Every structure is written in C-alpha cells, then in structure tokens.
Amino acid sequence: MSEVVESYFEDYEVGSTRRTTGRTITEADIVIHAGQTGDFFPHHVDKEWCATQPFKRRMAHGTLVVSIAVGMTAGTINPRAMSYGYDRIRFVKPVFVDDTIVVEAEVVAKQDHPKSPDRLGRVDERVTVRNQHGEVVMSLVHLYVVEKRGAAVDPQASDAPGSSGSGLTR
Amino acid sequence: MSEVVESYFEDYEVGSTRRTTGRTITEADIVIHAGQTGDFFPHHVDKEWCATQPFKRRMAHGTLVVSIAVGMTAGTINPRAMSYGYDRIRFVKPVFVDDTIVVEAEVVAKQDHPKSPDRLGRVDERVTVRNQHGEVVMSLVHLYVVEKRGAAVDPQASDAPGSSGSGLTR
Amino acid sequence: MSEVVESYFEDYEVGSTRRTTGRTITEADIVIHAGQTGDFFPHHVDKEWCATQPFKRRMAHGTLVVSIAVGMTAGTINPRAMSYGYDRIRFVKPVFVDDTIVVEAEVVAKQDHPKSPDRLGRVDERVTVRNQHGEVVMSLVHLYVVEKRGAAVDPQASDAPGSSGSGLTR
Amino acid sequence: MSEVVESYFEDYEVGSTRRTTGRTITEADIVIHAGQTGDFFPHHVDKEWCATQPFKRRMAHGTLVVSIAVGMTAGTINPRAMSYGYDRIRFVKPVFVDDTIVVEAEVVAKQDHPKSPDRLGRVDERVTVRNQHGEVVMSLVHLYVVEKRGAAVDPQASDAPGSSGSGLTR
Amino acid sequence: MSEVVESYFEDYEVGSTRRTTGRTITEADIVIHAGQTGDFFPHHVDKEWCATQPFKRRMAHGTLVVSIAVGMTAGTINPRAMSYGYDRIRFVKPVFVDDTIVVEAEVVAKQDHPKSPDRLGRVDERVTVRNQHGEVVMSLVHLYVVEKRGAAVDPQASDAPGSSGSGLTR
Amino acid sequence: MSEVVESYFEDYEVGSTRRTTGRTITEADIVIHAGQTGDFFPHHVDKEWCATQPFKRRMAHGTLVVSIAVGMTAGTINPRAMSYGYDRIRFVKPVFVDDTIVVEAEVVAKQDHPKSPDRLGRVDERVTVRNQHGEVVMSLVHLYVVEKRGAAVDPQASDAPGSSGSGLTR
C-alpha cells in the first residue's frame, strides 16, 4: 500500500528518475484485461491463430501495458499533484505472455501553469517500459499539475488541487 | 465476439463517426482494475476518505477509463490496420462508481505514411467518452497505420502490417 | 471443498430431492461473467438503458444463472457418475442484480443405458432455481451416466466411466 | 463492443451460418470459472490427480464451455429477438487447458409462435463448438423468440418482446 | 456448495481427522491474490528476478496459502460453531506456481470455554498443508467456539453463538 | 508498486509504528475471495439469510481480512527480512460489505534468533485493523527473521535469508 509523501512543484527536478521492480505479464493478466475491456481480439486470446502469424505468440493489449506500467509507477501518493492526462503513448514492440517489464520514469519538463502561474505548475514525466531483453516496448508522457509551495496559504488558492485536499496523483 | 471486416486506407473517411452502446462503470470494475494495476490509491478504494473530499465519491482510475473506452470501440477486427499509439489523452471530469459511459469515435485525420507513402497511410480517430449527463469525461486520439488497397500485391510490401497477416487493430 | 461420495445407479431414487443454501447474484458476478464470456450486452452492463426498459434493472446473463445454479448443486464428487449434458434449459424470469437464488435438484428419471444396459444407467436430475420471492427463474434437466454396482468387477467394463477412475460428476 | 442490428423473423434463413474467430481456453479461465461457480472438482483444479486419470489433463467445466461458446456468438444485439432457453446441450469431448475453440452457429428451424403466430416466431440456432483439431467438443440448440415484421405497428403487440424495446438476445 | 451439518461440542473427538482432495496453485491464483491484496512483491510477480534467486520460481503469497487451505477445509456449515481465530501459522516451505496442495485437519484439543463452561467449549483443529511431494508447506491451528448440546434450551444461553442462529464456521 | 528499502535487525525499534491509508471492503472483494477460496458460506454470499441473522449483513471472510490487512502493510520490500508466520490472529468484530479498514503496525518485540544469534534476529510486528468507527476488528502478530548488520560479510552466513538475496518480506 502506498505512502503519502507531499511534494510541491519546486521539489520536482528535471532529469530525476525512478525505476520500479519487475512484473511478469501473465496469461492471466491478459485474460483479466480482455474481460475488463471486452476486447477479445485473436491477437490476445487465440493461441492457434497467433502461431500462424509473424509474431507467433499472444500479445498483451496496448491498454494493458499502459495500465500496468502506470500502476507500477504509483509508488507514493502526492496530495499536491494531480494527473490530468498522457501524451505520445507509443507501442514500440509487442509485450508477449511471460515477458517481464520494468518501468523507468523521468521528469522531462516543468513549466508554470498558464492559467495560475503563481500557484500551479506543470510537470511532465516520461514513462519508459522495457522488457527482459532491455528493449523499449512502450513509452508515454504522464502529465501532472502540481501545487507550488506557499500556494496553500494564498487566500485565492482555494480552488487549487491539493489546497482543497482533493489532490490526485493518479 | 468481434467480426473480421477488412478496411483499407481508402475506406476511411474523415468525419465518419461511430457510437457505442453504454456501459456502467461499477465498483467491481474499479476493484478489478486496482487489482490489475496495483494502484490502490484512496481516490479509488477508500469510500470514507473520498466522502471528506470535494469530489465525494470513489472515482475510476484514468487507465480504467482509457481501457474500457478503447475496448468499447473494438467492434470489428480489421486485418489491414494496426494500432500504434494514442495522443492527447485528457481526463476532463472524473468518472464515478455507477456512472454510465458512451463512446463516440470519429475519423479526424488521414495522411500518407512518411516512410511508405505508396503502401501505407495513417488514420487518426478521436475517441470521446461521455457520461450519463452528456458531459465529456475523457478524450484521446487513437493512431492507426492502415494498408492501402493494392499494397498487398506489391512485392516490396512484405514488411507492411497486414500484408504479412499480422495486422492489429488493438 | 467437496467430499467424495460413491453412489451407484442403484443408489439414485426417483423423487429424491436436495436443496442448496442461497446465493445472492451480485453486480460483481455479472461483471465477472461479462468478462469471462465477452458478452457486454446492455441488458447486463448498462444501468441507464435498463432503467428505460420495462424490466428496469440490469439482469444476469442466462449462462451465468446456469453456471452458478449448476455449481451450487456440486456438493459431493461421485466417481461413479459422469455428466454428459443438459436438456430443456428455460429462462422463466430474469434474475436481477441483488436477487438471491436457491436451487433444488430432484431425480426425475432413471433408465438403463441403451448401449451398456448391464453396466450403465442414465439418471436425469431436474434443477429448479428460485429467487427470494419463491418464483422459479430457471430450470433445466441435468443428464448423468452412472455405473451400476458390480460393473467394476466385470472384465468387459474397462471402458466404463468410473471403472477407470475417470468418473466425472461435472 | 457489440453493434445493434435489427433482424425480424422474416430475416432469418434456415441454413444460414456464422462462424467466430478462435479463443484459447486458458488455465486462468478455469480458475475464474471455478471461482464464479464454486465448483472446485479435481477434474478442473487438481493437476496431479488428473495426471493419474485416462484424460491426463485438467479440463474445462461444462458450464464454462457453454458460457464462452454462447458469448462468442454474441456478435450483434438484435432488439427484435429474445433468447428463452437452450436444448440438447451435449459434452462430446473434453476441452482441456490450452485448447482453442471456434464456434459455428446455424439456423436450423423456424416456426410460428404457437401463442402469437401473427406477431412472433421461433428460431432455433444450432451452436457447434470445435477444438483446434476440428473435433466437435460441445453442441447445443439456442432458442429465440423473434418479432415478425410489422408486428410493431399492430396495436395488440404491446406485450411483444422488442415492441416494448426490451428485446433480449441473450 | 456446502451442506449444513449440526455438530455440538460433544461431537468433536480429539484425534479425528479429515482430508481434502487436491488443488493446484496456479499462476492465475497468484495474479488474483496480488490483485486482491495489493502485494506485488517480486517474489510473486517477477519471473526474471525469481530465476536469479535460490528458490528460482515465483511463489504463492503466505496469505494465499492460508486462504486457500482454510477454504479447502470449509466442507460443511456447522451452525453450532464459530471460528474466532488462528494460532501458530507457519510457512514451512514455499508453495510455487503449479504445486498441488492437499489439506489435512485434525482435532487436537478441546476444553470448556472459560467464560461459559456450561454452554460453550473450545475446539482446536490443526490444519496441515502438504505439496505433491508430501512435504509440509504450511500449518496453523484453527480456533472454534462450539455450543454444547442442550445449551440452546438454557434460558441463559441467549448470547451464545448458534443459539441466536448466528453461528459461523468461517 | 513497492520500493526496495534495506533494513537490518538493528534498524527495527520496539514501539515504532506505521499506519496505512484506508480501504473499503467491497462486495466485489468478497465475491472474488469466495471465488479464490471456494468458501461460499451464506455468511458471505447470501444477503437474504444474513438479513434474518443478528449481524444482518454479509460479512467478509476472516481470511479476506487477514489477506487485505497484511497486503496493506506491504509498503516496502526489505531484502534483509523474511516473513515466517503469524501468531494470535483474532477476529474481534465482523467486517461488513462497505466497511473501510485502516491498519496500524507496531514493532512489539525483538530477540536474537536462537539458532543463529550472531547473524539473525526475530522481529514481531503487531498488526491491528480498525473499521471506520475506530473499532478493532482484527489483530495478529506478524513474525519476521531479519539479518543483522554485518552478517553478510560473515563467511558462515551463506544460508542466511537475505545474504543469498532471497530475503522475503511477505
């Protein structure tokens, strides 16, 4: 279970990275994801058909790789940050049943929030997923709005994420 | 279970739309997604804490909304198309337990593939998710590479997705 | 976990009945069944649409009611019996989220097996499912082949179910 | 996600068939079905015991094969049809972990509905499940009541399935 | 589904044992348990890392072994008994993916309940889990409070478990 | 996903405590746990019967509360520690559907390991689970063997958990 660690916009440093332990993508993960999404395309659930294809084996859904990879980065809860989207999700190589993925996240950009530059900033974190061969299989940019230090004491700050206690990091 | 329907690049029309039936996002969906991703942040699993927050109720994970919405658009399998990513995923409003979402997908752009303009094209489909109040809760752009008609008879086409039979639509 | 209890054809009595404890069909059961079968028809997963229909509420899949009801009768393992099918499955009334079902099973017919009348018999068990209002919601006839007592000592019996230890009751 | 396609009784043709893509029955499917039904008989969950039996390997529950096969045929939602039961479900051969099934459905009979011959008809669809060796493993007959064309404009038709918008295909 | 069998304190005999059929602990079980508990430690979900460790393979969570083993002993519902805890849970050897466990339960102690010696007794059942090699992998002592025969007719008995109909065996 | 933090025996302090965020125990959790364990006792799955009992509502399985509570404490991976059991698990009050639990863990005892006092120590952590009313619902003592600082450089230490890199904390 995740810990709560408060980090303000000023605490994020461009270039800082974190790295998860590994997770094997199992047949069960794919079955459960097919069941959650309703996507039973043969690429994911038909072993016989896959064997006739160049890629040979059942592969994970793109949304499964995104979901697990983002979940793997959910290490600590930051009440001062709110996730508002993702950019440039790219599926570089397939993830097959039994592949093991590791995720690296790096802060790649920081800027003031255009609408509330005094109180809020934007932080971009690049998430890179590699398999057990060290190959990049997926990447995306995770977008956060983060409160600036001192914003909470600003009386105008009442609608900021976090100042109201609603801060989300996922 | 999905049907196989072959569609070539030429068959996609900018402006054409499709719309799904609805799906209620249940507490069980959130529990299963927390379990699939390992993200047990209190926004998703702690009813008591949520009640103390401005949003009041447990909300779906962003990756759950993406996964289900994309899955809802997986109506037919197109062996001539391959999904290679998503752009501009934005979480516009929270999706709460018991909200019902409907998804609309619209072809918003087509262009030749820069590396294989004779054989391949790119198709962008905007996916818009609305709740039972008609409010947009999430949007993204789904990116496809699609084979051009006749590409399969081109002997140089052997590495094209689809010509090799490996075409993915998810 | 089920116990093993050997019962031969002669041990089944037409008219004998057994009755299970109850089980509430939850929203989670329906979500899991949709995920197992890939059937996300709005009757099962779209609360808003259901509210516009005469039946008002999400209902369980027919195959969910069959699966749970048959599972509820799986009390003891009989190595002398093998299930080979079902007849006359009828969905009499819908089962809604939060309905609680109870199952009654009654031996309704016995006869010699046409191909091996000395060694095997057929037993028909009627399975009746009622909701918390006592209304029948589903019924079916479960078909078994059961070994006759003494068949195991017959040297010709080697291909009988049970004599080989392969007896199935489900 | 399934599309809505209206088909009236007159649109069904005896002899017309449809065929699904394949689905591999995984260990995870069996574990989930055991969990949904409560049937943990050793035929499904005890690998060591199965190895001592003539069939050697863990096999899918009968109700799992029925549920997945019927789900695989749930391609389009027909608001003019209602499923009311199944006949002659037969388990012809076991389905083992890792077998891949394909389903064929054929309209085998049509007749007027005895109680409302002007407005309703009955359609029987035979569902045949084959494994990767082409062997039939299960078959059943799926029973539908389908509205006749023009029934909706009949003022007496108000209790017909579909005319009220409650039409179920599952 | 479990049967209801009433057993009073006097019916339990020290030394009596019962033994379950087997259950294979699958990869899917571990994935589902990681998802239920939020424990994605690499010992359970990272095949590559495990291969570098002395134990070589992914192992079941301790709480998974406890949960499944106790569940396997839940054969019959005794309305006269209530489970109130466990003592001395010990993980003797790891349970790996694909191991098959069998559970033996033995009544090892009986004594009057210190607070209600006339009406209630305590029964200790030792639960021993073995793998397919016959090695003990886990053991615990399951603690029950059980009603004495005749307690129900005692007017002072109104707060006894069971007399009120609330008797739990799990 | 959990972080790796090395802690030696000397780093544990009797009296130090940690506390988790909350988690609501949902109907879905109980359905999934019934499915994982095979325990479908009516206390957990029969809403109608529960309504006739003094406790009124469906309650979580004891093993579910243990599994989730222990999982909630699995915050960081300590390669120097190994979990070997639990003592004195007590179910103090029922946990009902929709209750929210919070877990507190306190180091309550430390001692040298009797067999390897130079290299290993034992640490006992008391785990206390409270519901949204602040009532204790379950408690247990979690038992660890933890490496002493410097043990890894001892050539006799090769079989110590952790020195071999196999250290488990769950």
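Couple of notes before you dig in:
Letters A, B, C, D, E and F mark the chains as written, and numbering starts fresh at 1 in each.
Basically, contacts are C-beta pairs under 8 Å (C-beta built on N, C-alpha and C of every residue); 3 or more make two chains touch, one makes a residue touch a chain.
Treat the numbers as computed from the prediction; the structure is a model and nothing was measured.
Against reference pair A-B, the listed pairs B-F, C-D or D-E yield one interface repeat, C-D (criterion: more than half of contact pairs the same by residue number).
Looking at A-E alongside A-F, one finds more C-beta pairs in contact between the chains of A-E.
Centres computed as Cα averages put subunit C at a distance of 39 Å from subunit F. If you average the CA atoms of subunit B and of subunit E, the two centres end up 44 Å from each other. If you average the CA atoms of subunit B and of subunit D, the two centres end up 28 Å from each other.
Those residues of subunit B in touch with two or more other chains are numbered 1-2, 21, 23, 26-29, 31-32, 35-36, 38, 40, 42, 71-72, 74, 77.
Listing the residues of subunit A that touch subunit D in their complex gives 26-28, 31-32, 35, 38, 40, 42, 45-49, 58. Listed in rising order, the residues of subunit B touching subunit C in the complex are 1, 21-24, 26-29, 31-32, 98, 100, 132. Of all the residues in subunit E, the ones that touch subunit B in their complex are 32, 34-36, 38, 40. For subunit B in complex with subunit A, the touching residues are 1-2, 29, 32-33, 36-44, 52-55, 61-64, 66-68, 70-72, 74, 77, 83-91, 164-166, 168-170. Chain contact summary for the complex, subunit F toward subunit A: residues 1-4, 20-21, 23, 71-75, 77.
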